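Shared between the two complexes below is chain A, which pairs with chain B and chain C, respectively.
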Partner chain A sequence: MAGVTKAFRQSAMARTGGLLLALLLAAGLAAPWLAPHDPLRTDLSQRLHPPSLDFPLGSDQLGRCVLSRVLFGARVSLFASLAASLLALGAGLLAGLAAGLGRPWLQALFKAALDIALAFPGFLLALVLAGALGPSLTSLVIGIAGASWPWWGRLARGLTLGAKEKEFVLGGRVSGVRGLRLIRRYIMPQIAPPILVAASLKTAWIILAMAGLGYLGLGAQPPTPEWGAMLQESRMYLVRAPWLMLAPGAAVTLSVLGFNLLAEGLRDAMQVKRARSW
Partner chain B sequence: MRLGGAVSILKRLAYLAVVLWGVSLIAFGLFALAPGDPAEIILRDRQEAPSRESVAELRRELGLDDAVPLRYARWLGKTLKGDLGRSWQTGEPVAGELLARLGATLELALAAFGFVVICSTALGVVGAVYQGRAPDRLARAWSILSLSLPNFWLGLLLIMLLALHWGLLPLMGRGGLNHLIMPVLTLGLSIAAMQGRVLRASLLEVLGQDYVRFAHAKGLSRWAVLKRHVLKNALPPVVTMWGISLGHLLGGAVIVESIFSWPGLGKLAVDAILARDIPLVQGAVLFMALVFVLATQLADLAHQWLDPRLARGQGNQGNGRRD
Partner chain C sequence: MPEPLLSLEGVSQEYPHPSGRGRLRALDGVSLRLEAGQALGLAGQSGAGKSTLTRLILGLEAPAGGRVLWKGRDLAGFSRGQRRELRRQAQVVWQDPFVYLNPYYTVRNLIAEPMEVLGTAAGRELEEKTRELLDLVDLPVNCLEARPHELSGGQCQRVAIARALAPQPELLICDEALASLDLAQQAAVLKLLARLRQRLGMSYLFISHDLAPLAWLCSRIAVLKDGRLWEQGHTAAILAQPAHPYTKALIEASFAAPRLTG
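Coming up: the complex of A and B.
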């Protein structure tokens, strides 16, 4: 954790990213107080208004307030993304540690499972998983977590294998440190910085995937305000009402930018080598 | 030595077989166990009201009442013979439907791949040569920005400006070179940015080596050193990345194909998933995973061939795929 504080002190990029994310999350949490209108209330007499004082970001094809929908969408999109990210991180970390530290047969088993799961391009796997479960926000979260854990598993496995060969770890093992204590005291401190950077990068990817699958119609169903689904609905009005497309797209971009900046800043400060985001 | 090589190739093939078997298990399992009665879906696709008798008859016909392992064995046997079944929507063989879409995906993938290779090389070289100075910082800012742009939004923005407002480019579909510009940009921009960063890091690592300093010391010009000594040694990790991204691209760019109504495999897969056309989904998923696995393996082999140090040590450290 000391590394994170240092990163914020040293890197303007980390600070910008962190601030951006804090603002977006706060906006999502405070949506009921910030939003000028009910995000679900339709009013056909107010269709497709350009941005005005009453509708700061315009109104959509059903007369709903775009700003209110983007604000409430932050709850859906960001919190679902964070949930998927944490689920996948937890599962991937466990699998990676097992594949790196377990008994030989366990290591082989987990390595094979990881390789099989990694044989699918990530987005395709998320698409198929979410599609098989039927379109809903829950199945989208499960689908994305199910497609991302192997990526974390591979990372954690590689890092663990590297970490456990270090001499002081060997020394610890020789003197009888085993199990959770070995992981907590000897392995985790070594693999935490790259995992943190990767978590930030991967969450950026997850937000993109979440909105992308929402755009394809697999996520939250109408009328739930979700950024990807809002973009899908805006397709028909690109010329007549471009604000319908600009607002949710900018919201996704800013969230992803926040996590990418945070990752770059952390990487600089903690001197982590590059990690790919897919 | 030669025997060792043959053994390692055999090992690799055996492992590949295990991975592909796992892939088949997932492709089958996902939809075999998914909610919804396939017989009902088929009947509805045929515009027939699913009565109890017709559902029962169709279930018998499709063998849906058998145990799952038996169904898997039957499906795997047919798949290995190249029979992927028939699409529930059209009744056409799945293999034929996939082949019909292959050309479009191939065209888009190769065009985007060319774009990625050129742009990432330019970004990476500029970043490494001007490390820390304005062009490098510009390249970094550009990379972070294009990595943060969702490609579906970028696609919509391009459509709005280039096709609808200014009428410069065709809106969607496949056709001449004009039709390729927007999909290639949408697809390639973020991949190029990411790989430009990888190339830059790899170049910087090589630039710090003694033999590079020696080459400078013996009076070679900057570009000569870069061309003769640096690029060659910095390429292996980037080649791996290029291979993997080619695998991604060949698997069909799901979102981009949907945005631009590009008649390729990605759009086919999405439409099939939304329509719950299970044989078509299974065929498309199997095909995409196969292409992806082969591309990854080839990239790995190319990496080893370019960097013989890797072939000797089996270690995980020091190669470009540590993540």
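Coming up: the complex of A and C.
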């Protein structure tokens, strides 16, 4: 992990991405204090106002403040994306480690499971899973995690297969190291940095998928402010009130950009470091 | 006659050929005996099958033919518990400490780990023994927090030796343990190994392509070429009258430049 923090400090790109994400998360956390209005309060007399002093980003078709909704939406969208990402990462990592380090039959079993799961197109699988579980944010999180864990599994398996062939892993085994200690101290330090970079990239994908599925009406239900759902509601007013689409659209774009910058920056910095020390 | 510590009986090993066709014979009917307390030198150039032999003795691979006996018992029939006991009793120092030592560890972790996982020491005793081992291989205490890449090759190999000695093994295999070091470090590590053997009374299996350190450290020598044992016997006898032209060539190559012999 020391390598990751060092890479983070070295790379301006990673720092920019990190800063962007920190700001977005902070904005979500501080939404009750930052938002000028209640994100759920409707007032039909104030509908479809263009941006003004009272409504800095305009108001929507029900007279709700768009800025307030985007701020509160950060809580829903970002935290749901992170939850889905962590869930998928956890499941995929376990499967990948089992497929790389387990007994031969276990390896074969997990490899087959991963191959089968990978045969389904991710976005479609998420759609089916989230749809089958009923429209709610939780089912969307489960659907997206369920669709993306095999991707993690494959990555973790590949990295593990390479990591366990390192001579020092053999050196550890000869000294009696095995089981969890072998995974924690010999395998994980090798595979964690690339997995972290991939996690950042994949979370960007998950934010997009989340917004996309929210746009299709899955996930958070009205009146919950969620960026994807906001985009969907805004499409009828594309011409009359384009600010409705711009605000959540920009929020999605900025968070995806943040994760991508973080990932790219870390990757570059860590590759430079590798070339220097080996 | 007491059981030898280690004996190999007609051991063969094969691997799939790199070309994908046929099998590659790495070892062919090798028979060896190593008595407790003895130092046996195994000479041979790269590709002779030396490292395969190491892996077979450590029980990391099963031989394709023949038997590997540890204290008279076949490794093939070892239970999990016996294998674990073998981990404690037979240790190895590899060629390149930089690739065989966990780069994420400090020297303290590296030396303490075998005692932790094999349960031979814990707590305060673990710390004391770690320091003792560090002292035993002539490294200063301020090395404890260093990581392998911060040490020189010689220092790093000393850490590897300390780690191998931590479980108090009965057999120490040195698989080309000097090959990655420069000449001055080679001499120092070789002297250290000789001193440790005197002090701790372990058996050594010293594997090298260079006969000079073998001759200096070992009472018996075996010569391995292309997976077969060409000759073995007392060091002095083999050096004086090599039976095989290959051994003769090896002697000439090893002693052409006079060094390490003093």
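By definition in this document, the second predicted complex is superposed on the first by the 271 of 278 C-alpha atoms of A that agree within 3 Å, B and C clash if a C-alpha of one lies under 4 Å from a C-alpha of the other, contacts with A are read in each partner's own complex, and residues count from 1 in each chain.
Just so it is clear, contacts are C-beta pairs under 8 Å (C-beta built on N, C-alpha and C of every residue); 3 or more make two chains touch, one makes a residue touch a chain.
In this text the structure is predicted, and so the values were computed from the model without any measurement.
Room for both chain B and chain C is found when the two structures are superposed via chain A, with no clash between them.
Applying the stated contact rule after C-alpha superposition, one finds that A:G131 touches chain B and leaves chain C untouched. Of the two partners chain B and chain C, it is B that touches the larger number of chain A residues.
Looking at the shared chain after the overlay, A:G158 reaches chain B, while chain C stays out of its contact range. In the superposed model, A:V256 lies in contact with chain B only, and not with chain C. In the superposition on chain A, contact is made by A:M245 with chain B only, not with chain C. Between the Cα centres of chain B and chain C, as seen from that of chain A, there is an angle of 90°, stated in steps of 10. Contacts of A:G212 after superposition on the shared chain: chain B is touched, whereas chain C is not. Contact with chain B, but none with chain C, is seen for A:A119 once the two complexes are overlaid on the shared chain. Figure legend note: chain B and chain C, brought together by superposition on chain A, show a least Cα distance of 7 Å.
Residues 277 of chain A lie in contact with chain B in one complex and with chain C in the other.
The part of chain A that touches chain C in the complex is made up of residues 166-168, 170-178, 181, 185-186, 189, 277.
Residue ranges on chain A touching chain B, taken from their complex, read 112-113, 115-117, 119-121, 123-124, 127-129, 131-134, 154-155, 158, 161-162, 198, 204, 208, 211-212, 215-218, 228, 231, 234-235, 238-239, 242, 245, 249, 252-253, 256-257, 260-261, 264, 273-278.
Put simply, chain B touches chain A in their complex at residues 15, 18-20, 22-23, 25-26, 30-31, 33-36, 140, 144-145, 147-153, 156-157, 159-160, 164-165, 194, 197-198, 201, 241, 247-248, 251, 254-255, 258, 269-270, 273-274, 276, 281, 285, 288-289, 292-293, 296, 316-317, 322-323.
For chain C in complex with chain A, the touching residues are 58, 60, 84, 87-88, 91-92, 94, 96, 99-105, 113-114, 117-118, 149, 163, 166-167.
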